[in-house]
Every structure is written in structure tokens, then in C-alpha cells.
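Okay, so chain A shows up in both of these, paired with chain B first and chain C after.
Right after this comes the complex of A and B.
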């Protein structure tokens, strides 16, 4: 019983970290209809900024997160203006080719600037310790990640379904021409949505760095995982992504406990099963 | 087609080298990609050799040609080795970070009349693939065997082993299990994890459930090894008195700052520590640090490459610069010298390096830098792995 509870907590923590890192991609793919394979690259940039801010500038963890998110968005906005804006509404193959190109460029530049060794984001003493739950200990960082995941999920849901910005965004996605003729500044809405998804990527990159360490190939290494979460959850659906992360986290963690030698077999088996039963993902909406 | 290649190779070998003054050495390694750091260390080791001993043997000048194989990729490694032999006319093949890469290229050696000096790849079986393979690195059997006894002598009766699920991991597991049970311990469980595992908390739960007092772990150096050690500390296993032992791959010098205080006191066995105290090592570290740029990036593949160059220089000396793989390999059998890692020799039977294996402990120096502190020496260790294969 203790073991089951313990594995369940690991699963929850793993799922929430997956959610934090992948949710930005769900926004770009679902709401903006852009297959942004460079998502992981933005997460990685966030991680590098945080690592640099803490080790070279000596900032605290909270400040480093703010700086990482802001700096990543500042880098991403010109990219949006000059590159991404050209591929909104373009065929998926074009989007994939361009964004994977961006990914390789970013990998090359980071490898050149920071070298191939992995960088860590040191944790403040409060997060580095662990908490005794009575039947086991869990690192404070995992608890922090769970809390962040829940806050991001709630925040995004409010933003998209309860605010004027959310209404505009959904209107632009459904029919850009009509939204524009009703006075919505579509380009501004797109830029803002892109900034949000990049900010989420950077946040996920920093908080998830304990589990997915920052190194130049980060951007490619975890790309499939991000895409799987989005396609299982249903692109653009925040509850869907949350559900997918919890489910996949549980399957992965249980599989790893029971039969580690099978690797990610159970994970992908579940993905195949879910996608064949729900072709649009668990909570994806029909076009 | 095969015959065509063979005759082309043969023709080339006959005509290319007899009056060459420049002797070319082809080095295959990961010079880009996630393992670029290890390739960089090959290059640093080779450059350090040139810096300390010059690039001439007699009248002949050594020229090194690098080829990049970023991941373990046997087909690519073989193709590039062949290209080096046929197009560049190299007399020696060297480098090889990954076992599969070295294995794939061994089939070329006899036809091409070229010796291979393996500077890293660490599965025991490579040397039996061809009589022209000489290795100056280590094997996992060699580095993981001594720690079995160390663990038992620390008063631990029951242990589990946790290794990455690929050839070197299985070698490490077999070596440790054999040594530990021979000493009188009991292996409770063996966990094999896929190479790309990133969340280790379920594994930690398994270790806890097994009730063992110690864990032996092997993962290749890099991001995963770091995650594993961190996860071990976070899981509370350390606080509960479970001890973690490993080979030096888990605590290679460039990773130590990232691992931080959590690994202080962790014991590993390995063939080389950058901190090794000897005049040879001091000279080597100085030259190699200069070659690599950032001294913090210096790691064990550099010493494999450095000694590899020593072996190649002796081969060139013995053959007088003519291409004769058999004579070259014969000349270094039984060769012994003082390496930066300590006294070493090439075992005539296996053509593998016999060396000291050190028990080390992660420590913090007066200036706050982490290093592997050697605390015990297991002198003149051969490779027990070959006996296990046969």
C-alpha cells in the first residue's frame, strides 16, 4: 500500500513537470495552429538564462525564473515578427521544416556559446531539501513543481475562457478575417499568444531542469515527449493536456517501477491506444 | 564488390607508404553532438602528447586526421574508417569512443594492414575481434570488479545493482555481481534501465523495497548520470543509510560541480583521476588543460588518447615508418611505461592495458573545487572480462 501511494506521488510529480513543459506547445499547436517544433529550444533557452543568472550573476531562484522568462520572450518576439508570422496558416510541412531549422540553429548557437556540457539550475536551500510525508520523503522541488503546474493550469484556463483576450484569441483562431473585420488586431493577438507560449516553455524549462537537465540537445531530445502530450491531450485543450500528463505520468512511472527493462514500451503502447480511440486526443475539439 | 574493395585496398597499401615521410593517424570520435566533450578530450590528449614529445618519431612526422561520429553509429564509423584508410592513406586507426563503433571497424584491419589503437571503447570483447587491436583505455570489468570487495569490506552484506541497459552496463553489472558474491555478499536484485531514462524516482522506490544496504550503479557519463545521483539524494535513501557505489563514470571531473555537495564522500573505482599525484600527471594535466582551453572540461578520455599516442609512437619507431601492422602490434606487446594515471603495460595476450585501479572519494579542495581523491590502489589490474566471455 505504501509502495502504491509512493509510486502515485512520483507519478503525480512527473506528470506535472511534463505538463509545465508541454502546455506552451499545446497553446501554439491548438490555438495558433502552428506546429512549433522549436518549443523545446525555447524551454532550453529559458534554462540557460536561469542557469547563467544564478551561477554568473548570483541572482536568487525566483529572480532567475523571472529573468529567464522575460529574456526568452525578448528573444522570441523578433523571431515571431520575422519568421513565425510568415507561416501562420501555412501547410504543416512548411511549419515543421521552418521550426526544425530554427531548432538546429538554436542548438548550434548554444553549443557554441555555452559548450556541450550540461548546465544545472541550482535550487535555493528551501527547495533543495526534502519533506517527510510520513511514509516517504519527497523533494521539495517536486512539491513546488506540482504547485506550479496546478497554478499554470488554473491561470491559463481563466485566461482563455474568462477574459476578453481569450475571447479574441479564440475568435482569431476560428476565423481571422472575420475577427479582423470586427476590429480585433489579429497580429497583436497572435504575437501575445506566441509570447505566452514561449514564456510557458521557458518556465517549464527552468522548473523541469531537475528532471530534464539543460544541454544543447535538450531541444531535440524531448521533442517527441512534448508532441505526444499535446496529441494525447488534444491540441489547445488545457484540461486535456493536464489529463494526458497525469495519465501518461502514471503509466510511465508504474511501468518504470514494475518493469524498468521494458523502457518506454508501456508509455508508447498507451499513446497508440489512446490516439486510436481518440484521434483528436482525449479532450480535443472537432474542427 | 567485396573483392573489388579488397583489391583496391591491397593495391593502395602496396603503393602508398613505402617512401612516406609523413605518417598519418586517423582518429574517430564524437567531435560534435551530445558527446562532443569526450571527443574534445581525445583531441586534448593527442595535442598534449605533441606538446610534450613533439610530432616526430625519428625522421617521420606524425599527422593526425580527425573524423566525427557524433553518436554510437557502427555503419558510419566503418565507412569513415575505410575512407581514412583508402583515401587518406592512414597507417594507424585510433580513437573510438563507443564500443559498437570500434567493433564495426575491426573487420577492416587485417585487409588494410592497419593497427587500431582504441582510446576509449570499453567492452571487453573488442580485442578478440582482430589481432591488430590494442587498447589504452579501460574495460568496465576492470574498473567495476575492485569495488565489489570494497562494498563487502564496508560491512555490507546485501546489495542491488542498477545499470543502464546496454553492453557496458551489463559488463559493469556482471563484474560487480561476480566480485561482490565472491567476497561473500548477496545480490538482491539487478535493475536494468533504458539509456534514456530521465525520472529515477520509481527506481529509487524499487531500491527501497528491496531492503538492500548498498547500491552499485553504472550509467554513462553525462546528463542521465547526474539525474540519477540527484534522485538518489532526494529520495531519502542516503539519509536512511543506503550507500551508493559506482564506477568513475558517474563522477567524471566535468560533472562534479553540477553534482555539488550531494556527492561528497561518494566512493567510485576508476583508472584515472585528474587529481592523480605524480610528476607525469602534473605535466600531462598542464599540457592537456592548455589544449582543451577550459581545464574544468578535462576528463578520462584524454589520458586514453595520450597513452594511445605513446603506443603509436612506439609502433612507428619499431616499423621505421613502413606500413607493417603485424610488426607494429608485436612491438608494443608487453610494453610498459609510466602513464599519467600510474604504471601501465600492454598485456601480450590480450593487447589490453594493465593498470592500477583506484578507489576514490569525491572531496572538496581548500578552494572549494570538487575532485576525486584517490584513497586506495588496486595495483596491476588486467581485464577479468575476457575470461568471463570465454
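Right after this comes the complex of A and C.
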């Protein structure tokens, strides 16, 4: 029982970190129909900015997060304007190749600027401690990550289903030409949605730096994980992504506890099973 | 449709000539390579092995239009099948090893096809990635057979045809590789321009239409996956024979992605494009990454973006277009 609860708590924290980063990808993929493999690269850029802000500029954790998110969005917007805008609606292969290209460039440039070593994002004293849950202790940072994940999920749901922007975005997704003729500025909506997705990636990259350490190959190493989460959950679905993260987090964590010598064998077996049975993902919409 | 029509027309007009001319050109280049880079034959042999992998991706991605990031599963399956046959069952004749590897690859191709053809688009891409990871983890776990992360050693191919030893310089391996590549290339040209190949191209352009015309989309694609696995497995076996060791990196996602990049830089959908891409990519990689591997990544990234934006038919397509403009055909 102890083990099960232990695994469950770790799985929850890991799943929430995955959710924080992947939900942005789910937005670009489900709503804008862009397979953005460079998503992990934006999370990595966020991590690097936070690390730089804290170690070189001496800023606090909260300020560093704000700075990292803003700076990453500032970098991403020109990329959206000059590269991504050309591949909206293009075949998947084109999108995959273009965004792998962007990822490679970001890895190369990051390594040139910051070197190949691991970068840390030091935690403030409040988050560095741990809380006693009765049956085990859990680091405050993990609780913080879980809370952030839940807040982001709720915030996004409100944004998409309860605000004018959400309505416009869904209209553009359903029928861009019709939305444009009704006066919605589609390009602006796309750019805004892209910015939100990148901001979430950066936020997740910083908060998740404890579990997914920041280094130049980060962008490539976790690219597959994020992609898997989105396609298992169903692109564009917030509850789907949440469910997928919790499920995959549980499988991955349980595998690491119970059968470490099998590596990620069961993780990928589960992915194949789920995607074969639900080709659109657990909660994906039919086209 | 214009690509298809052009292709059919040229195939018809120059079919016979091209069928002879292309292998001749390949052979000339291969002989030139032998005399120009006598100290680098190991690299050239590796280029040939990877070419077979890239050709195999071309069959699935370029011809059938299925994007895959997991083709190394077939390549690695071929390498391990040949390697395990040699190390554990005493099948050391290089020809037999190649056959074992090819069938190992074909089996992996069948499995990949059965899994991947269950979905379309992004989920399909994710399935291809999951397949290659699954193979990787399985090979890692079955270390009694595969040597796990240490790699499979103890592969000592006997002399080719009982006459030619696999020497330290890699001459025999290189010549054998060239022979395999030529054979595969001619066979693939026949397959690609056959009615079956045309049906596959049709599926790549519009699967729904082929289905409406009464074509068996799933069965045809599955056949192509098996053929692709056969080709990739041959490449894997060649790698196992020439290096006498098989590592887990033959089954990696990174190799799959790299090979896809080579195909696209060269020009997907054309066998010449696949070869052009592999040779250019691997030669550049050898030169540049010796200086700094991260500059190499930046350059590949920039090349990919440029290829997507300005040369969707790749290096070979761009050269072909240029040549056509100069000689004023079209």
C-alpha cells in the first residue's frame, strides 16, 4: 500500500510536469494543426533564460519565471511570422522536417552560447523544503508543480470556452475563411495562440527543470515524450492531455519502480496499444 | 498528378536506357571512390549501408507518402539477425548472413506495417517512433542474445565465396557493398516503375481515390513495408558484416531521424535523390562534425529549413530542374 501511494504521488508530480509542457503542444497541434517538434526546444530556451536570470542577474525565482516566459515568447514570435506561418496547412512531413530543422538550429546555437554542461534552476528556500503527508514526505517543489498544472488546466479551459478570444480561436480552427470573412483577424489569432503555447512550454521548462534537467540535447531527448503525450491524449483536448499525462506518468513511474531493467519497454508498448485502439487519442475530436 | 504523368512518360521513353545507364554511373562512382579514398573505405561502406536504409525510407515515405521516424527498427533488425546468426548459430557465410539479415528486416517491416497502418497522420508518426523505441528496449533487455548496451561481438564472417577474406582495409566489404547496392538499386527501379509501384505512388498522392477505384490500399502498403524492410535489413546485414559488431545505435530513433533528413535533403520520391542525399549528408558530416559536432547540427537544421522552403524536391530535384532549364526540355 505504501509503495502504491508512493508511486502514485511521484507519478502525479511527473505527470503534471509533462502536462505543463505538453499542453502548449496540444494547442498548436490540435487547434492550429501544426506538428511542432520544436516545442521542447522552447521549453529548453525557457529553462536557460531562468537559469541565466537567477545565476547571472541574481533575480528571484518568481521574477526569473516571468522573464524566461517573456523572453522565450519574444524569440518565438519572429519564428512564427517567418517560418511557421508558411507551413500552416502543409502536409505533416513538411511540418515535421521544418520543425526538426528549427530544433537542430536551436540546439546548435544554445550549445555555442552556453556550452554543453547541465544548467540548474536553483529553488527558493520555500520550495526546496519538503512536507510530511503522513505516509511519506514530498518535496514542496513537486506540490508546487502539481498546483501549477491544475491552475494551467483550469485557466486554459476558461480561456478557450469562456472568453471572446477562445470563441474566435475555435471559429478560426473550424473554418478559417468563414471566420476571416466575419471580421476575425485570423493571422493575429494564430500568432496569439502560438505565443500562448510557447509561453506554456517555457513555464513548464522552468518548473520542470528539477525532473527534466536543462542541457542542449533536452530539445531532442524529450521531443518524443511530449509528442507521445499529445497523440495519446488527443490533439487539442485539455482533459485528454491531462488524462494522458497522468496515465503515461503512472506507467513510466511504475515501470521505473517495479521493472527498471526493462527501461521504457512498457511505456512504448502502452503507447502502441492506446494509439492502435484510439487512433485519434483518448479524447480527440473527429475531424 | 503532373509528377505522376511525367514520371510515367519518362519511364516509358527512357526506361531501357536508364535501367542500364544508372547502374553504370553508380559503378563508375564506386570505382572512383575506391581509388580516390583508399584509406576511407570503411566510411564508404558505411555510406552504402546507410544508403540502403535511406532507399527503404524512400519506398515508404517518398513513394507511399507515409512519414516515418522509425525505419531504423528494420535496419537494426537486419543487423541483429545477421549478427546473431553469425555469433550464436555459426552462419558465417557473408551471403547467408545477408539473406538472414534481409529476412529479419522484412519481418520487422511486416510488424512495423501492421502497427503503423492502424493510424494516419500524427498518430502514425508516433506509432513509428514507439516501434523503434520498443525494438531498442527489447534488444537492450535481451542482452543474452544481443550483448545489450555493450554491443554484439564475435561476428567473424568467413571469406566471401570462400575466396576473398574480409581484410583490415575493408576492400572486400566495400566491393561486396557496392555489389549489394547495385543489385538493390536495379531491383527497386523495376519495382518502382512496375504497376505495383505506380499503385503505391497513387496511394501516396491520394489514398481515398485509389480506394474508390477498388485498389487495396492497406494490403499494397503492407507489401511495400515488407519490401522496405527487406532493403533496410540488407543494409543492416552489410553493416554487421563490415564492422563485425552490432550496437544498439542501429535501432535508435536518432538514426531513423537522421536517415529521414538525408532522404529529404536529397529528394524524397526519387531513388537517385535518396542516394544523393545520403552521400552528401554523410560526407559533409564526416568533414564538419570532425571540427565541431554542434556546428554540424546548426548547419543541418538550416539546410532542412531551406530545403522545406525553397527546394521541396531536394538536392536531386533542384539539380534536375536546373539541368532541364539549361537544356530547355519542358
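In the analysis below, the second predicted complex is superposed on the first by the 287 of 287 C-alpha atoms of A that agree within 3 Å, B and C clash if a C-alpha of one lies under 4 Å from a C-alpha of the other, contacts with A are read in each partner's own complex, and residues count from 1 in each chain.
The rule is simple: a contact is a pair of C-beta atoms (placed from the backbone, for glycine too) under 8 Å apart; a residue touches a chain by one contact, two chains touch by 3 or more.
Because the structure is a prediction, the values reported are computed rather than measured.
Asks: Looking at A:279, would you say it contacts chain B, chain C, both, or neither? Reply first, second, both or neither.
Replies: A:279 sits against chain C, while chain B stays out of touch.
Asks: Identify the partner contact of A:111: answer first if only chain B is touched, second if only chain C is, both if each is, neither if none is.
Replies: both
Asks: Considering only the touch criterion stated at the top, classify A:5 as touching first (chain B), second (chain C), both, or neither.
Replies: neither
Asks: Given the touch rule stated above, what does A:97 touch, chain B (first), chain C (second), both, or neither?
Replies: second
Asks: Is A:231 contacted by the first partner chain B, the second partner chain C, both or neither?
Replies: In the superposed model, A:231 contacts chain C only, not chain B.
Asks: Touching A:158 in the superposition: chain B (first), chain C (second), both, neither?
Replies: In the superposition, A:158 touches no partner, neither chain B nor chain C.
Asks: Which partner does A:136 reach: the first (chain B), the second (chain C), both, or neither?
Replies: In the superposed model, A:136 contacts chain B only, not chain C.
Asks: Using the touch definition from the top, say if A:260 reaches chain B (first), chain C (second), both or neither.
Replies: After superposing on A, A:260 lies in contact with chain B but is clear of chain C.
Asks: Taking the stated contact definition, name every residue in chain A that is touched by chain B in one complex and by chain C in the other, in rising order.
Replies: Common to the two interfaces on chain A: residues 111, 116, 216, 261, 263-264.
Asks: Could you pull out which chain B residues touch chain A in their complex?
Replies: 32-37, 40, 165, 191-194, 196-199, 201-203, 205-206, 209, 222-223, 226-227, 230, 234-236, 239, 254-255, 258, 260, 294, 297
Asks: Where on chain A is chain B touching in the complex?
Replies: Listed in rising order, the residues are 3, 6-7, 10, 13-14, 111, 115-120, 122, 130, 132, 136-139, 141-142, 210-213, 215-217, 221, 252-254, 256-257, 260-261, 263-264.
Asks: Under the touch definition given earlier, write down the residues of chain A that touch chain C in their complex.
Replies: By the definition above, chain A touches chain C via 29, 35, 83, 86-87, 92-94, 96-98, 100-109, 111-112, 116, 216, 220, 224, 227-228, 230-232, 235, 261-265, 268-269, 271-272, 275-276, 279-281.
Asks: For chain C, which residues count as touching chain A in their complex?
Replies: So the residues of chain C touching chain A come out as 61, 65, 67, 69, 115, 118-123, 125-127, 129-131, 133-134, 137-138, 140-141, 253-254, 257, 260-261, 264, 268, 294-305, 307-309, 312.
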